[in-house]
Amino acid sequence: MRRALPILAVLAVLLAAIAIANPFFLEPAGFLAFVRRAAPLVILAAGQYFVIVSGEFDLSVGSLVTVEVVVAARLIDGNEGATWPVLALLIVIGLLVGLVNGVVTTILRVPSFITTLGMMLVLSGAVFLWTGGAPRGALSETFRVFGRETGWAVLVLAVMAVAAALIMRADFGRTLVATGDNERAAALSGVRVARARTLAFVLSGLAAAVAAILLGGFAGVSAQVGQGLEFQAITAVVLGGVVLGGGRGTVIAAMAGAFTLEALFTLLNLYGISGALEFTVQGVIIIAAVAAGALRLPFLTPQRVKGDAHAAS
Amino acid sequence: MTALPGHRAGLAAIADPTRVVFVALAVVILAGWGLVALDGGQFLTLENIVGVQQRSAALGIVAVGQTLAILAGSLDLSVAYLISLTSLVAAEIMAGQDAGIVPAVAAVAGVSVLVGLVNGLVITKLRVHAFIATLGVALIIKGVVDHLYDGPAGRVPESFQHLGYDRIGPVPVSAMLWAVVALIAWFLLSRTRYGYRVYAVGGDPEVARLSGVRTDRVVIVTHVLCSLCAGIAGLLLASRLGAGAPTVGTDGGYDLESIAAVVLGGTALAGGRGGVAGTVGGVLLLAVLDSVFNQLEVNSFFKDVVRGVVIVAAVAVYARRTGMLGRRRA
Amino acid sequence: MPRHSPLVLAAVALALLAAGCTSDKPAATTASQAPDAPASSAQAAGTGAQSKFFVQADYDAQLAMRSQAPQGPADKPWEQAIAPQMVSTADHKKEGPYEICFSNAAVNNPWRQVGWKTMQAEVALHKEIAEFTALDAEGKDDKQISDIAELQAKGCDALIISPNTTATLTPAVKGACAEVPVIVFDRGVETDCPVTFIKPIGGYAFGADAAEFLVQKVPAGGKILALRISPGVDVLETRWSAAKVAFDASDLEVVGVEFTDGDAAKSKSIVSDYIQRHGKIDGVWMDSGATSVAVAEAFEDAGLPVPPMTGEDQQDFLRKWKDDGLTAIAPTYPTYQWRTPIIAALKILKGEEVPKVWNLPQPKITQENLDTYLQPNMPPLHYALCGCESLPGFPENWGGKKE
């Protein structure tokens, strides 16, 4: 928990800054609207956290979100009765994609960067091959409730967040961190490394499915719904102080990182930073945040940090 | 660990990834020739051969730079935006004047070196993971480009367009440029101490450091070279388009595509193993696939599916082979 | 290792040099923009500086065309032309059967999907087209340049080009003009070498139609939010610049001009933010309809009535409009323009005259004619003005259900 403190402090400052610029933010409705907007990214960040802490990447979540929304729209096609079976199917698709990512990465030993990059191409190609290039059909009102009604979205987020925290407190959580920290040592101490990593990908796939349900619910079908989410999720996790390469950082901090990123977007928007320069600010902040974390670490924990700088996946 | 001891003996016989990718290239050419012939077309025409080279030159040049970065255990996600930026710098400074070519090329080189230095310094001195460092730099460049430009700008003089459009026999000038870049990189990697150090740093930075390699310096120089390659690609694209364009780099997907081409060519993503020859093969393989799909008028969505599968399958094949050498990655 | 020092030093020197060079750039850009911008500054209206794409003469011409009667068959707007200047094509006349080639910028959005299906169906109508070859540039300028070169080499009888970017495709189009009759549609190019350039009236008319509606419906002093997809695309810049002219002349206040990337979630968030900040928004102007439904929902979710707004001819918006009784207008950029290039190519190859610039009519959907365009059997992202109802394969090939 102590690891999460710096990012929580940053988050608090950003939230205060938003509140100053926009007093409505302090009312429950205003704050909950912010939470709802952040919910999909927070859930994706939790999923991405499992993968990153085990020492891997998941670049496929953005296109997976798009696939889920497009599939849901085509299958539901405005028919309320189809909502629940399709929701179940979406979860299964998420789990399945995660499983394939995990198996290809661990059994076929393809670096996850490449596995999930390939998955990203396959998913986005396949879904539009199926729908003839553009989304078809429509989501039902029941489906859209989860993303559109603030109460539901916040509830879904709360359930996912608690579940993620519980998973990390369980044995599996320790296994996952051990795997990412030192694969060989973990294996020698009896951890089934391949299984732990595969499960991490499955959890990321699940998170993407849930995020897709919220995003599709929020604004309806769109071919761009998942665009760039993979980089945003990774950025959020890293902002939370989780180290790429694995083994360090907490899921709470990762989710706080997602809230921070969303707060940053909101703030830049409120203060009217020109649309384009927003990216520049974002780039500088990401580098600064990670650099601050990396440079301070040696004083806190006398560990090998040097290696991390170069450890590509 | 996950090494598969049972496969050692059999796998030793498989050729190295570089050879695999060229064999695959030959197979794809043959298959493409067959398929296109069945479709009633001709595959190995002069236009197609020129077309494949034109299509692959820009990606090829970027991928050569990316190879260096990946060999050194790093990677560069900022190349796509740097390409857009340098295409604009080039076209703006040329402004349609022949006299502008030399200053424009110098400025592009300067911008590229600067970006490469920033990448390298952030990674080594600030100890930011290459993924985040170059992603951050990419965002910074994107912000600047989008802020200053909202469409194509500048103009390239006719004389500079020879770079993008002329050819000598069946070989376009752009492909020669790519060949020169690849040869220089090959020379650096295999015939100089710098190359030796790149492999050492990519293989194991700790061991390299203990044996006296200044690892930071190697990483910085590598990123400068990688950015220079992106700058050259930016010049080439400016010459093709006749102007600079703020989206030319990202539309082409040069960041992820160059990484895909490098690993397709057998270079290990973790660094330390591979080389430029494989990358050239990887780029050509992607370009020939593209050309076959074009001839058969295959839907672009199907194309993405095939590409995704090909990239993962290729790396899986290489991974099985290198598995016997030990651990997959640090 | 001292050997590296000179290298690094040189690199630093170069970088410093570069820093010197690049710092001139912003100045250079603004300098080149300044002369294009019209003198009338309208900062007070909140609409910002006029787009550098704005050309007064084109604006005037397009606004005039809105009230001109098109020539040609009334039931086939894709064959109609407004104020055509005919050119002879006798030089291109040849015997069939023909091979027609098409270099397509992309098929990456619903508008292009509908258009592309419509064009393929049009091709199927003509037996004299023996072969139709189409290459998809996937939104990449460089690929489209290569595609055009490849198609030229194939010996096509006519080449249709839908350019990905106006400026950057110009050299390639010029090159093709020398070899084969070229037909350009949708976005233009900076050369008049194509035999004909096909387009609906254009972006100025689109933007003005939408803005004039708001000026008429929103009470004086009302707050307008303008939503644009992205900057720098000529066909979109013209839409906004015409709207800007209309808003500047009105007593409405434009409280914001935002870019949505055509993303529904982003559009909805932006509108919610503006509602929070300003209490209420009295009208929404949009440069395309892809996210109109999300915008309407943002008001609903905030518990507010949907103010007068603009959209496009996509079915999801038309349905929302009808069901919720919105006050709306939908200017269009008709997808039936994808039929015209095929018709033009055949005319050219048969030696018949074609307009140099083929201005297609550009209807707008209003409360009065909404029911004509609302097609409950078509998918939500289908564009009503496809002109494809009579084509073989309708409605299934466009994703619709038989009624």
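For reference, chains read A, B and C in written order, and residue numbers begin at 1 within each chain.
Keep in mind that, in the parts below, a residue touches a chain if its C-beta (ideal position, glycine included) is under 8 Å from a C-beta of that chain, and two chains touch if they have at least 3 such contacts.
All of these numbers come straight from a predicted model, not from anything done at the bench.
Q: Higher C-beta contact count, A-C or A-B?
A: More C-beta contacts join the chains of A-B.
Q: From the centre of chain B, which chain's CA centre is farthest?
A: Comparing chain centres, C lies farthest from chain B.
Q: Could you state the distance in Å from the CA-based centre of chain B to that of chain C?
A: 33
Q: Just give me the whole-number Å value for how far the CA centre of chain A lies from that of chain C.
A: About 34 Å separates the centre of chain A from that of chain C.
Q: Using Cα averages as centroids, what's the distance between chain A and chain B in whole Å?
A: Distance between chain centres: 29 Å.
Q: Where in chain A do residues touch two or more of the other chains?
A: Those would be 133, 275.
Q: When you check chain C against every other chain, which residues touch at least two of them?
A: If we look for residues of chain C contacting two or more partner chains, we find 107.
Q: In chain B, what residues contact two or more other chains?
A: 146, 299-300
Q: So in the complex, the part of chain A that touches chain C is made up of which residues?
A: 22, 24, 30, 33, 37, 132-138, 148, 215, 218-225, 227, 266, 269-270, 275
Q: What residues on chain B touch chain C, complex-wise?
A: Answer in residue numbers: 45, 47-48, 50-51, 54-55, 58, 89, 92-93, 103, 106-107, 109-111, 113-114, 116-117, 146, 148-153, 161, 165, 193-194, 214, 217, 220-221, 224, 237, 240-243, 245-246, 248, 251-252, 294, 297, 299-300.
Q: Hey, which residues of chain B end up touching chain A in the complex?
A: Listed in rising order, the residues are 1-2, 70, 72-75, 122-124, 126-133, 135-140, 142-147, 201-202, 205-206, 209, 215, 219, 256, 259-260, 263, 269-271, 299-309, 311-312, 315-316, 319-320, 323, 327-330.
Q: For the complex, which residues does chain A have touching chain B?
A: 57, 104, 106-111, 113-115, 117-126, 128-129, 133, 183-184, 187, 193-194, 231, 234-235, 238, 243-245, 274-284, 286-287, 290-291, 294-295, 304-313
Q: With touch defined as at the start, can you tell me which chain C residues reach chain A in the complex?
A: Its residues touching chain A are 107-110, 112-114, 116, 258-259, 261-265, 267-269, 272-273, 276-277, 290-291, 293-294, 297, 301, 316, 379-381, 399.
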